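Here the chain labels run A, B, C and D in written order, and each chain numbers its own residues starting at 1.
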Amino acid sequence: MEFVTQSLVIGLTENAPLVLAAIGFALLYRLTGLINVAYSETITLGAYFGMWINTTYGLDFYAILIPTGILAGALSVATYLALFRPARHHNVGALELIIISFGLSIFLRHGLQFVFGYPERFYDVPSPDTIMILGVGVTSFRLIALLSVAILSGLLYLFIQRTTLGLQIRALASDEDLARVSGIRPLAVTTLIWFIAGVAGGLAGAFYGVGASVSPLLGWRQFLLILMVALVGGSWGLGGVIVVGVATSVALAGMALQFDQVLYAQLVLIVAFVVILKVRGSKLTETAKV
Amino acid sequence: MVADVVVAPAVTRPRIRIQGAVKSFSGRVVVDVDDLVLGDQPIEGLIGPNGAGKTTLMRMIMHSTPLDRGTISLLPAGGRETVLSSLPAHRMAHHGVVKSNQVIMDFDKLTIWDSLLLAAAEARYEQPHRVFSERTVFGRHEDEIRHYLDYFGFADPTAFALSAGEKKLLDIVRCLLLRPSFLLLDEPTAGLPDELTDKVMTVVKDLAAAGTSVVIVEHDLNVIWSLCDEVLFMAEGSVILRGAPHEIRANRTVVEKYLGEGHV
Amino acid sequence: MSEAAPSVALEVEGLRSGYHGVTVLKGLDFAVGSEIFAVLGANGAGKTTLLATLARLIPLMAGTIRFQGEDVSALRPYETADRGIGYVPQEKGVFTDLTVLENLNVGGMIGARSRDERMAEVFDLFPDLRALQAQKAGTLSGGESRMVACGRALMQDPRVLLLDEPTAGLSPLYVDMFFEKIREIHETRGVAIVLAEQNATKALQVADRVMVLSLGKAFAVMDATQLTTQQLKEGYRI
Amino acid sequence: MDLKWLDAFLISGLFDVAMVMGLALLLHLQLGLGRIANFGVVGFWGIGMYVYGVLYVQVDWPFGDPWQFLVCAAAATLAAGVAGLLIGWLISDLDTDGVLMGTLGFAAVVQILATTQDDLTGGARGMGGLSFPYDIGTVKQNEFLWLAITAAVVVVILLYVWWVHRSPYGRLLIAIGGSEPLARSLGKSTFLTKLGLFTVTSAAMGFLGAMNGVFVHFLDIGTIGVAVTLAAMVGLVLGGTARVWGAVIGVILTVGLFDIVVQSYLPLPREWYTQAIPVLREALFGLALILVLVFRPLGILGDMRRDRLMRKIHGR
């Protein structure tokens, strides 16, 4: 019993940003069909943006969330307009687009390393209190991070599900041609999606950063997990991403408690996800065009 | 359902038997064939209004569209029955069941020669350790390929197929090189100039005369009326009539289904 | 609704188009006024290509399309939608991931009139949809999803409605109902309708004029009442 | 042998070029012909290197070099081949997204195992004890010979690739890369073909990994990072994914230019060498990958010219 509560509390508080990041990634994937490897750097840069605003202007952590989100969103839109959209216009194939995003990811990551060097950096925030929840000590930051992520995910979910813009996004994702003849402007809506995905990624980065530390590899370390959650959970919609994300977080924490090495938990998860994908992939071999 | 136009099946002709085959897309039943045997006659035409399920039925036979339920089996000319619907798509060609494509499909990085050699090449030469087998494969199939190239008059077979007509023709020649015993043609003449249509039809007739069963789906009904020994009329997912071309052409139901009731 | 459409809604000159380098439509000339204009023809005649070209989903190879006097040949689909061309494609007319209500709302993003008003009109036209509002469009029956597709296009307040085989694969009950609705849409709203249809009998009952397409060419363009069965059979090559 | 003209930097630079060229040539078969985007090249290379290292160092062999090398390298090749078979089976019927996840995941798994099994691999501390399977004199002479052997292996791979382009097998790979459903309808088992391709190329990647282990003498989990995959990919993409010589030209222009010319001959600040230069290298490689794919997706050499090739081998 103790094990279960521990896994739950640790998993949810430590890995809360994962859910937010996966939602953003999955949105982009579902709408544009693009696996954006450079999304990991949107997360990293979000963490840096937040830290920069926080340490330069001495702003409170919660005050920096809005500018951080906007900056990360703008960055995400910039990569779309400067890179992925022109590439699409040049008729670059889907496979090449992934490689481009892989190149962008590496470029940004190592560009950051070149500028900031290796040392890990920290947000300038008052040292957190530790609160006991179900017998597990949790820092107040992580608790608030969990709360914020839950609220943000909820807001994002509502935005996508309930607003007119969200409806346009879902319509475009569902059937592009039909959306176009229904009067939806693909460019505007696609830009919006990149912005929202960027905001989600950037905020996830800020939460990762304030929870631990900031380094150029912050986002890349999480990327495989985000990719797996988004690919596997995404087929059941946004709700699926959230559920799979939460389950992954808890499983990660639970296995970390069980095994002597945290890495084994990742190992098990990677294998599990690839097997799920394989089993589902074989079932999905629907009508070929021959 | 099938009108009782009983024809004594030719013994040596490969046939395909479709039993209780059902396929629906998002709740709509597209194909529902109770019991149907194809291949009793050398060339059979499959016609019917839009959405009758002709292309879907063809794809079900090739197992590129999985069946919801039912079985499709091949009764070869003198051999054991093979259940096609439990085989993966690439095994169809091994049993001589081959289909041309309705939509133009081509390997855009392969030349015409490449494409034909690919179709003709045996699997044992296409192994990672047999990288020196090109001459062998070329030698084995050169004459046959040259025959088709000359017959259809490809402009430059060492180059890529450029026009839609050339691609369509290439698709058909690929099928022929697979030495089909049961050939399904899905709109073979769409986009082809008339003289090539005639050439394709001549080849199809020769093939049928040599023992291959041919089933052809075609929108240009002139082709159907002049080429087929038997015509199957499909509507709402099942074959509701079959018979000689003139019988089908004169049939009230066919005219009704095509033009709507009242137009007889 | 009360506002009368200009006498010529669509003018098409020398239209050629197709897919993957195949010319499907080989030079069409016709004009559609404030009427129901039926495009008849057998499989593969080019009906679907024609409607998708008019909706600007397929680029023109040659020719022009004018809509209420304006050349729309180079416009994008969402621009023609804004100007008042509504399009209901064959079979795939609904956003399967969205609910019925959401499907209708997507259409309602265009146009000045209040969305609720238009929604009420659509529900008056297709009362069955009222009960299905919350259902995912992908789970509907064929007839229901055709109603949603039609409703979505009507929410755009179109001046011209392009309907691609609205009754293909539907049960006879729905077919009759649909043709009545098409008549009703045209008469009460003054919407010009281009109706691609294989079922000649039904189309001729509602259409003012018809064009019979045969292998990408116009076999005949004339008043619906003048078309003979013999002409039809020739056009269909039966 | 007088090797005064050859400094240590140059030998290791050339070795890097040969190693990456070998990987890029193998990646060419997967990506350029079969259109399978392997983002886990380093996993197969790394598993070869570590299996070789662990067997060579930790097992008490009854015989010495060169047999010890041959046996261990064979085992490394086999291990990488089996890994290729397994991963190939997992991803062969998935689309690019699944392939990305499977291969990236595999590379992560190899790195995790190399880290956690530290009683065998030395983990983060690294593992020494490897040496050349011969001794012909000075360190420089030994290294030079190994470089020559590696270059010969790469030439063999190049020849193989050259022949694949001229074989029914290569034609089938190109067909599968172009349209899998169409290839299937022609009776080709696309699944088995992809599986075979993945097994063979992965095994070869593993063998190259073992050869790398011999040269560097010291295995370190830092060397099995994504940089290896990137180097092979950027070289191949720059030169031209679809062409035989693409990998050769591209790797010379990327790894060759950077590891040899920039690192050895450009007057860069000394303190840059430890940290800044490798980082700069990756950043530039990433940038090159983007620029090439956006502005010239087929690389310097452009698309494959099957029309010319067909004319050459079969006449008009």
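Just so it is clear, a residue touches a chain if its C-beta (ideal position, glycine included) is under 8 Å from a C-beta of that chain, and two chains touch if they have at least 3 such contacts.
Bear in mind that the values here come from a model prediction, so they are computed numbers and not experimental data.
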B-D or B-C: which has the larger count of contacting C-beta pairs? B-D
By mean C-alpha coordinates, which chain is most distant from chain A? B
Using mean CA coordinates as chain centres, what's the gap between chain B and chain D in Å? 44
If you average the Cα atoms of chain A and of chain D to get two centres, how far apart are those centres in Å? 31
Separation of the C-alpha centres, chain A versus chain B, in whole Å, is 48
Residue numbers in chain D touching two or more further chains are 181-182, 184-185
Sites on chain B at which at least two other chains make contact: 62, 64, 89, 99, 101, 103, 105
Give the residues of chain C touching no fewer than two other chains, as numbers and ranges. 96
Which of the residues in chain C end up touching chain A in this complex? 55-57, 76-78, 80-82, 87, 89, 92-98, 102, 105-107, 109-110, 152-153, 156
State the interface residues of chain C toward chain B in the complex, per the touch definition above. 20-22, 42-45, 91, 96, 138-142, 165, 168-169, 198-204, 215, 229, 232-233, 236-238
Write out the stretch or stretches of chain A touching chain C in their complex. 164, 167-168, 170-171, 173-175, 177-186, 237
Under the stated contact criterion, what part of chain D meets chain B in this complex? 160, 163-164, 166-172, 174-175, 177-179, 181-191, 193, 196-197, 200, 242, 303-304, 306-307, 310-311, 313-314, 316
List of chain A residues in touch with chain D within their complex: 29, 35, 37, 83, 86-87, 90, 92-96, 98-100, 102-111, 113-114, 117-118, 224, 227-228, 231, 261, 263-264, 266-267, 270-271, 273-275, 277-278, 281-282, 285, 288-290
